Amino acid sequence: MDRVAAISELVIANRVVAHLKLVDSFGHVTVRNPENPQRFFMSRARAPRLVTKEDILEFDLDSTPVDLHGLKPYSERFIHGCIYKSRPDVMAICHNHAHELLPLAVTKTVMRPALHTAAVIGREVPVWDIRDQFGDTNMLVTSNEMGNSLASAVGNGKAALMRGHGSVVVGANVQDAVFSAFYLRLNAEIMIKAMAMGEAITYLSPGEVDLSGELHSQPAAQGRAWEDWCSQTDIDNFSLK
Amino acid sequence: MDRVAAISELVIANRVVAHLKLVDSFGHVTVRNPENPQRFFMSRARAPRLVTKEDILEFDLDSTPVDLHGLKPYSERFIHGCIYKSRPDVMAICHNHAHELLPLAVTKTVMRPALHTAAVIGREVPVWDIRDQFGDTNMLVTSNEMGNSLASAVGNGKAALMRGHGSVVVGANVQDAVFSAFYLRLNAEIMIKAMAMGEAITYLSPGEVDLSGELHSQPAAQGRAWEDWCSQTDIDNFSLK
Amino acid sequence: MDRVAAISELVIANRVVAHLKLVDSFGHVTVRNPENPQRFFMSRARAPRLVTKEDILEFDLDSTPVDLHGLKPYSERFIHGCIYKSRPDVMAICHNHAHELLPLAVTKTVMRPALHTAAVIGREVPVWDIRDQFGDTNMLVTSNEMGNSLASAVGNGKAALMRGHGSVVVGANVQDAVFSAFYLRLNAEIMIKAMAMGEAITYLSPGEVDLSGELHSQPAAQGRAWEDWCSQTDIDNFSLK
Amino acid sequence: MDRVAAISELVIANRVVAHLKLVDSFGHVTVRNPENPQRFFMSRARAPRLVTKEDILEFDLDSTPVDLHGLKPYSERFIHGCIYKSRPDVMAICHNHAHELLPLAVTKTVMRPALHTAAVIGREVPVWDIRDQFGDTNMLVTSNEMGNSLASAVGNGKAALMRGHGSVVVGANVQDAVFSAFYLRLNAEIMIKAMAMGEAITYLSPGEVDLSGELHSQPAAQGRAWEDWCSQTDIDNFSLK
């Protein structure tokens, strides 16, 4: 894949995450530059639903822009740069405030997969609380110091919840990041409802997580969802009203 | 009904279950070949929303494909073949991960109908847990051994929940399978909310289940919903974007 | 208003209740014949979303059809006939299985208005359980004896929940019946969520119910919603796919 | 901004709050006249979804209409006039019965922000109960006396919940009022679900509220959502069916 294809897929991914309501007006998807692993692509600061290829900017892994062209970048680009730096295997990242997972993010509930398609999130999804290391802030990840703290929480895993904020999900590619964010959210919804029922949840065993996670990380599985989602999203003919 | 009509109705059913969000990108509907009870029709592996008649494949009851035409089948076709083999009365099957019923599937809650239209699900819907017999797996039903285990859980009933996975629902015909899956899900949603309220649920009595189940299994009842759903689903003019 | 106008408004009401998802494929709205109080209009048996004026039939208050024209009537027309007979003030009735209120209908929770717009439902909405008087049935109200039992539960009130089934809501006119059904459902949703929170609900006082109920029964209030709903519903150009 | 621009933005805001379902058929958005702080603009009484610029009326801060042109005003205009009078900094107000926040409004739960984007609501959102001062009423704010009571509850804050009714949210401008109403509702949904889970909520610290609230009050943040919402709302081509 070359940079043009990567940018094109990134624009599509922005529209898809908006269509799936994984993001509201806030949140972002990024992709590492396939031609240069020290760079990543990210839209300028606007709602993902509206992103076009003219909005795409390039950053180094300190989240310094290559050339802003007079556009304004997302202040939370550090979420992405720091993870790309610490995780050479990660090629795409989705940061979102998916509404349905927020009750877990505000109760600091550690997630474990209860649904087989959600096994991609790994055995456990920790909660990162910016206040632990940084005290009172405006809660945005706006520096490399903060981004590195969050990246440490993600560690070698798939995701982290961000207390009072949302989540960050990493992917081996753009489809993986979006697929994983989608099923992270669904897993959260299931946990929230099951806990409200007052019933014990049977989580996937470690073996099930590994085996099901591996299967649902394959293009065969993720591609089925990607084809479905792309066909539902108005990509080619999108125009601002 | 001949095979052409059965295939046509199967394509429509795929679109309907996607429109009703009974399936997300995963899940499948199948129908027994009306011309040969040792065969069933199933799409190749793709999201139900996108299935066309060119996708339909034929399998024997060991889930061996007759002719794949180079297409890739669903790995979980064994869910269907095994039930068609053990249940000569079943003419259609829907396997889904309907999001709203998953909290019951992960808490291993046995369902009973609380709503009269859901009486079609029978007096009780058991939960089948693949781990009981097979230990750690990737949780997909990908062999006849697994499919037979699931078929045993369904027994002579209408459905079974699959722990951490979803559900399987059988039908006397395609409309019955879809209708039953729809009301199984609604019954689950009601139970989940009622349990969260902390209030005791008044379930249907066995007599009510039998009488209401019989009534809502009739074409008069199911046909009303089928006509409604088909009219809402984009069937004829569906095209991939 | 003459019978033609009444029938026209009834068709619109069917489409509106479907648009608002107050009904799924089941449920019905009826209106008393303004030219003859011993008669009421009701569609033949089909999903409300699809009802056209050619579907409208006329019944006497024993729910005997005047002339079926070869069409099939709803088996639950007795819900309507019996209430029209016992309540000369009622000019329209909505029977529905609105999904969101079913958790109250299956836990036999008596409703009281907690929201001011829902004050139209009256001080209390009782739960009618068909089993109390009729033992095991298929749970449909398919006789005058059953209809009269339900009408007694409604009494001089606005509505009754039907255990394991849904609700019936009466109106001074079609707009009132639909408005009241809409806010009955919303009141139910609020109660369900508040009870799940484990918090005490502050219900409207009897004085508030009376005063707010009176206000929200006026055309000025109901007309605002009716205009809004009609403008969202595809009425004129509806055609079956 | 001149009055023409203010009226135009007000019409758009009415359509946006309806699109976001912050309002159902009831509720209103107003804006202070930029040319005369003793006046505010408000639609005549109709559902926000349908408001056009021909509906816009002008009122003084006692909520006395300047010229009704034969149109009927909202009876609850006093909510707005009284706040504009007591709060010179407020330039726009949204009163709504957003369905998802009603469980908090009926359980008299004091809200605190748990989500960073909701920090705009301030450290605490009180509940105002009309019955405390006025006994049994129809629960509408239909006098300056009632409006002043509600304005006192809002005080120097951002919002107040209205027991059994809904909420009122103030803004430094129209976009701020709508943005704040949107995230007030989401914060409510999160609290409701977290409380149902039975888990302790980690609210934003006072410092976080102040810092995040300041950030999300900026045009840079609110404008991103406003652009997104306006592009989703049918503004220019809206026509009554």
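Just so it is clear, A, B, C and D label the chains in written order, and each chain counts residues from 1 on its own.
What we mean here is this: a contact is a pair of C-beta atoms (placed from the backbone, for glycine too) under 8 Å apart; a residue touches a chain by one contact, two chains touch by 3 or more.
These numbers were taken from a predicted model, which means no experiment stands behind them.
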Most remote chain, CA-based centroid, reference being chain C: A
Copies chain D and chain A - interface residue numbers shared by over half, same or different: different
Whole-Å separation of chain centres (CA-atom averages), chain B against chain C: 32
Contacts with 2+ other chains: residues of chain B: 196, 198
Touch relationships between chains, expressed as pairs: A-B, A-D, B-C, C-D
Residues on chain B engaged by chain C in the complex (per definition of touch): 114-117, 119, 186, 189-190, 193-194, 196-208, 211-212, 214-215, 220, 224-225, 227-236
Residue ranges of chain C touching chain B (in the complex, touch as defined): 24-26, 45-47, 49-50, 72, 97, 99, 102-103, 106-109, 129, 131, 135-140, 163-165, 192, 195-196, 198, 240-241
